[in-house]
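Presented sequentially are two complexes of subunit A, the first with subunit B as partner and the second with subunit C.
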Partner chain A sequence: MSQHRKVYGLGAEFNSAADLMHAAEKIRDAGFAKWDVHTPFPVHGMDKAMGLGKSWLSAAVFCGGFTGALTGISLTTIPSFFLYPMIVDGKPYSWPTVPAFFPIIFELTVLFSAFTALFTLLLLNQLPKWYHPVFNWDRFKRATDDGFFLVIEARDAKFSESRTKALMEEIGGQNVTLIHD
Partner chain B sequence: MSHSTESPNLSVERFDSGVAKKFSSMCFAASVVGLLVSAIGLFTSREQFAFSWLFGFMFVLTLCVGCLFWTILHSATDSEWGILVRRQMENVASVIPYLSVFFLPLILFCAPILWKWWDLPPGQDALLDNKAAFLNHNFFWVRYVAYFLGLGGFAVALRSTSMAQDEDGASRHTFRLRKLAIGGLPVMAVCLTFAAVDWLMGLDYHWFSTMWGVYIFAGAAGSSMALLVLIITGLKKAGYLKAVNLEHYHIMGKFMLAFTVFWAYIAYSQYMLIWYANIPEETIYFKIRNTEGWHALTTILVLGRFFIPFPILLFQGTKKNPKFLCAVACWIIAMQLLDHYIIVLPSLHQTGVSPSVYDFASVLAVAGAAAGFFFRRLASANIFPNRDPRLSGSVALTN
Partner chain C sequence: MAKSSVTLETPAELRREPLVTNNRSLAWITEKVSTIVESPTPKWWLISLCITSPIALMGLCCIVYQISNGVGVWGENHPNGWAWDITNFVFWIGIGHAGTLISAILFLTRQKWRTSINRAAEAMTLFAVMCAGIFPAIHVGRFWNAYFLAPIPNANGIWPNFRSPLLWDVFAVSTYFSVSVLFWFVGLIPDLATLRDRAKSRFAKFIYGVFALGWRGSNRHWRHYEMAYLLLAGLSTPLVLSVHSIVSFDFATSILPGWHTTIFPPYFVAGAIFGGFAMVLTIMLPAARIFPQLNDLITRQHVDKMAKIILLTGSIVGYAYLMELFVAWYSGNKFEGFTFFTARAAADGKGWYQWAYWAMMFCNVISPQIFWFKAMRNNYIVVFVICQFVNIGMWFERFVIIVTSLAQDYLPSSWGHYSPSTTEILTFIGTFGIFLSLFLLFMRFLPMIAISEVKLVTPEADPHHGHSKH
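Take a look at the complex of A and B:
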């Protein structure tokens, strides 16, 4: 049955986070691009071992926050200073009153930043996703328990069923398995 | 990754005692010049001297107490990142006991000038009569002693415990540091808050702000982190602390950013509540400082303490660039100086800015002496706690 289905990639299991990290360094140096590691907990230094650059998330959040601040400034100052200037509570309707608007500007900055962070994160991670081929691999369930996994996707230019499998076994991978879509 | 079982493989570093002696005598010489000029002020224009001296003293005290805060925070939270730089915070904090002497001339010669309640007989002002249980000579002296015992005691105890670990490397010192720090946290908070109330808020005994203590603390913590960045960079320039890398700068930069925001948050909240409620008793503080020549300085403070450093420190690149971070650190310390100038001096010159030679002399006298004592402390201990059991974690820092 399985040989008729498309190959998703190759998965290998490792004994510990340290083993997986060393393996990741080797895969990185071998020049693979479409691959990932899966661990039950965050591993410090893994991003460097995998050769990942700095995330784009902060740039997106900065833009979101900046837009939020501008929105807050516009929504408070334009009506209060220009459209409907009114004296409220004895305070003038000009720039010295700006402190009264700070909470609004601040809240909108935070709100826009938070939403940008959440939605960019979902977008970058391609979430939500109802199905993922790695779960066709039975052993992979242990990724949330005590398993350390490395998966190389078949769409990687360097991927070859036999040679990649040999490489994964050479760097210490156990139960190297072909995963089908 | 955990490296706790590996040996740090770092050799002991000790600051050259000859260089330290040279630096500390240079600082003391500068301090003596400041002291002489201030002494002239004490006899010829005592009013100006009193306020100038309080300004210089509080600027230096807040920097030192800020470093005490970082020492305490580091141990109380079991931090690992800053073990390499911890000794320098301890060194600055341990200057606090010496500062107690510098406060004496204010109580002995200038108290009635600075704190108007000092000589006011009972029955003259109903407001003061109601506060007499707190604002009286004896209790003021008791509090002065208590502040320096509390702040200085914990600073010295933390440093000597940390130094004892240099000798034997026993982990019990780490546990003792943690206990001391957790005990010291409320003591530091109470001492700094009440010192700020006594010595600065007391400049106008009618005025009050419930955020005053935390406002002084916010400025102190942020500027002392800036001071730490400068000290660490200086030591690196002199060839020490090679293990300190950009990751450490990144964290120190993050703390500077955090306390830039925190200062703005507290300063704004204090201003906003007073401005909006519009009670004359409270607004007097900002009325003086937002009119005449003071308005320009207040504007510079708001822009310079928050709106300029905030967007700069926001980016990772600037926090990981020691040269740039040092420039920002100098700027923040300059703003702390301005902050305390605006807190103290308008009480004297209510109609506008009037700089005096004694303003500079007092800063020179107190800061020079503090720096002199710091260099002595620097040479008397290892530059970093080389036998802290978790030193390797600090060396291999990633964030």
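Take a look at the complex of A and C:
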């Protein structure tokens, strides 16, 4: 963490989820854009405090599920009606037998949706990302234990080392630290 | 903040018991769960693994022996084409239902007590489904042709029959396993990050770090994470109900007396949850004893609630048994009547497996009724013993359904006795070795309690906590 490395941003620590949430509201109102909070568990109400909307991951999952359903429909009907119509035990094999395909269509819908949920989650969060500047901050280890952190990036237009630091201290941030890239 | 001087307090009798007792802090939860993984290998663990892994190895040897010699090394023969193999398959897959029920259905219904047991229950689900998957794969006989199950034109351009419940089963079980793995892994990511940040050795830091994917608890991540978790729960809920329904179709769509019935799907699903919870308790009660530090996380309240679910689902299963008997009588169908009143339920000795039926009745319907009493639900020894009855009873349920129907069906001339061969018995015992070995490895190397989820149910996690000092 030598000084000639690029500054990533400023980090501050808070005592509790409640304190962090109030701080987040103030940072939001101050008009910052490139900032984040780090908590050991999802704090309910934080999205609003940060001014974030509803995650649109569900839309992607819907598309994934739709693809799954279409795959299921094609996979069952094309071979059974066109490629290799099979008569088993003299049972009917005409189009009214389509309900017999519902279980497979359902299962593939769920399968595709679940994989879409995972991959969209990774894509939206840009994970895996094994290196990140916040890991350079030695106190940050507690973000997965019982620490509540607020980090404002230097890329933010409103960022200024001295004024942002003062703001973070004013809203109750402790151990305000400069994080290097 | 106080707008009026009157504060509304919940009356004492309506206040809920805290989920984490003794008001533990967030750091305490991290510490207690992580040290299980971080402390030096305990002796009991090595001894247990030295017992379970040879059993697992024996099971694998039996499987190799069966594959190299053919299905003839088992006791299955005409008319009992299915017997212990499918009994064991349904037994294990049923056990695999509790994990997803706890993690998905109890999540959607906002049952917060699930948080301290869901991780271990989900792991148990995965291992049970692995054990289940062994049996259909090897009972097909020519194991090297097991890829015929896949939806591809396998031999001479012939596709599998997409209208067959057996093929539905292939899709259901493989989807169930895949989705359960995803759900489990997504839940693990924040906790792997916790272990990564605590790891002392470079190697542990590297391994946990790789699987934690660089998770840093960012709220911009949690936002999508929570949505993904909710959706996975929403997807798993119908999935878990579909899997055992489809397993029951394997039987219900045939015309054999005792199988050909519409009550099967709900009856199988209830039975799966029943047997699954019994297995969760079978594993969790000893774990709670071995790790007394977890007693503030896995409390009497949890055991009490699981015992109540066992009582409920056991009673549903009991209702299904009685309804089967009623329909066998009321339908006036001679063959149904014979299957239920001679081959299964009567005790006149004309049926061959009546002892199995009555063992099932006693274990599944009568024994859990003791859970009506709170004192019994709170006595860990009683709960553990009843869970063993349930485990045995649920295995017998599948045995009764499969073997009594096949051994004595329509024509007495085509009847045939069935008894398992040694290989068959050892294979089944071997799956317990595989299951327990995998679970021991899980306990040793992964956090067995969902750390970040438990933190969420503590009062400290509530962002409004601390506003009004009581």
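Note that in this section the second predicted complex is superposed on the first by the 178 of 181 C-alpha atoms of A that agree within 3 Å, B and C clash if a C-alpha of one lies under 4 Å from a C-alpha of the other, contacts with A are read in each partner's own complex, and residues count from 1 in each chain.
Going forward, a residue touches a chain if its C-beta (ideal position, glycine included) is under 8 Å from a C-beta of that chain, and two chains touch if they have at least 3 such contacts.
Note that the structure is predicted; figures quoted are calculated from it, not measured.
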Fit or clash - subunit C, subunit B, common subunit A: clash
If you tally the residues of subunit A touched by each partner, is the higher count for subunit B or for subunit C? C
Once the shared chain is lined up, is A:Asn125 touching subunit B (first), subunit C (second), both, or neither of them? second
Touch test for A:Ala166: subunit B only (first), subunit C only (second), both, or neither? neither
Please work out whether A:Thr76 is in contact with subunit B alone, subunit C alone, both, or neither, and reply first, second, both or neither. second
Look at A:Gly90 in the shared chain and tell me whether it touches subunit B only, subunit C only, both, or neither; answer first, second, both or neither. first
Would you sort A:Ala30 into first (subunit B), second (subunit C), both or neither based on which partner it touches? neither
Quick one: classify A:Asp146 as touching subunit B (first), subunit C (second), both or neither. second
Could you point to the stretch of subunit B, among 63-71, 81-89 or 171-179, that collides with subunit C in the superposition? 171-179
For subunit A, what residues appear in both contact lists, the one with subunit B and the one with subunit C? 17-18, 21, 43-45, 54, 58, 100
Given the complex, residues on subunit C that touch subunit A span 25-27, 30, 151, 153, 157-159, 161-165, 167-168, 171-172, 175, 178-179, 182-183, 185-186, 190, 193-194, 196-198, 209-210, 213-228, 231-232, 235-236, 238-239, 242, 246, 249, 451-453, 455-456, 460-467
Give the list of subunit A residues in touch with subunit B in this complex. 17-18, 21, 43-45, 48, 54, 58, 62, 89-90, 99-100, 102
Inside the complex, what are the residues of subunit B that reach subunit A? 1, 268, 271-272, 275-276, 278, 314, 316, 398
Of all residues in subunit A, those that touch subunit C in their complex: 16-18, 21, 24, 36-47, 50, 52, 54-55, 57-58, 61, 75-76, 79-80, 83-84, 86, 88, 91, 93, 97, 100-101, 103-104, 106-108, 110-111, 113-115, 117-118, 120-122, 124-125, 127-132, 134-135, 140-146
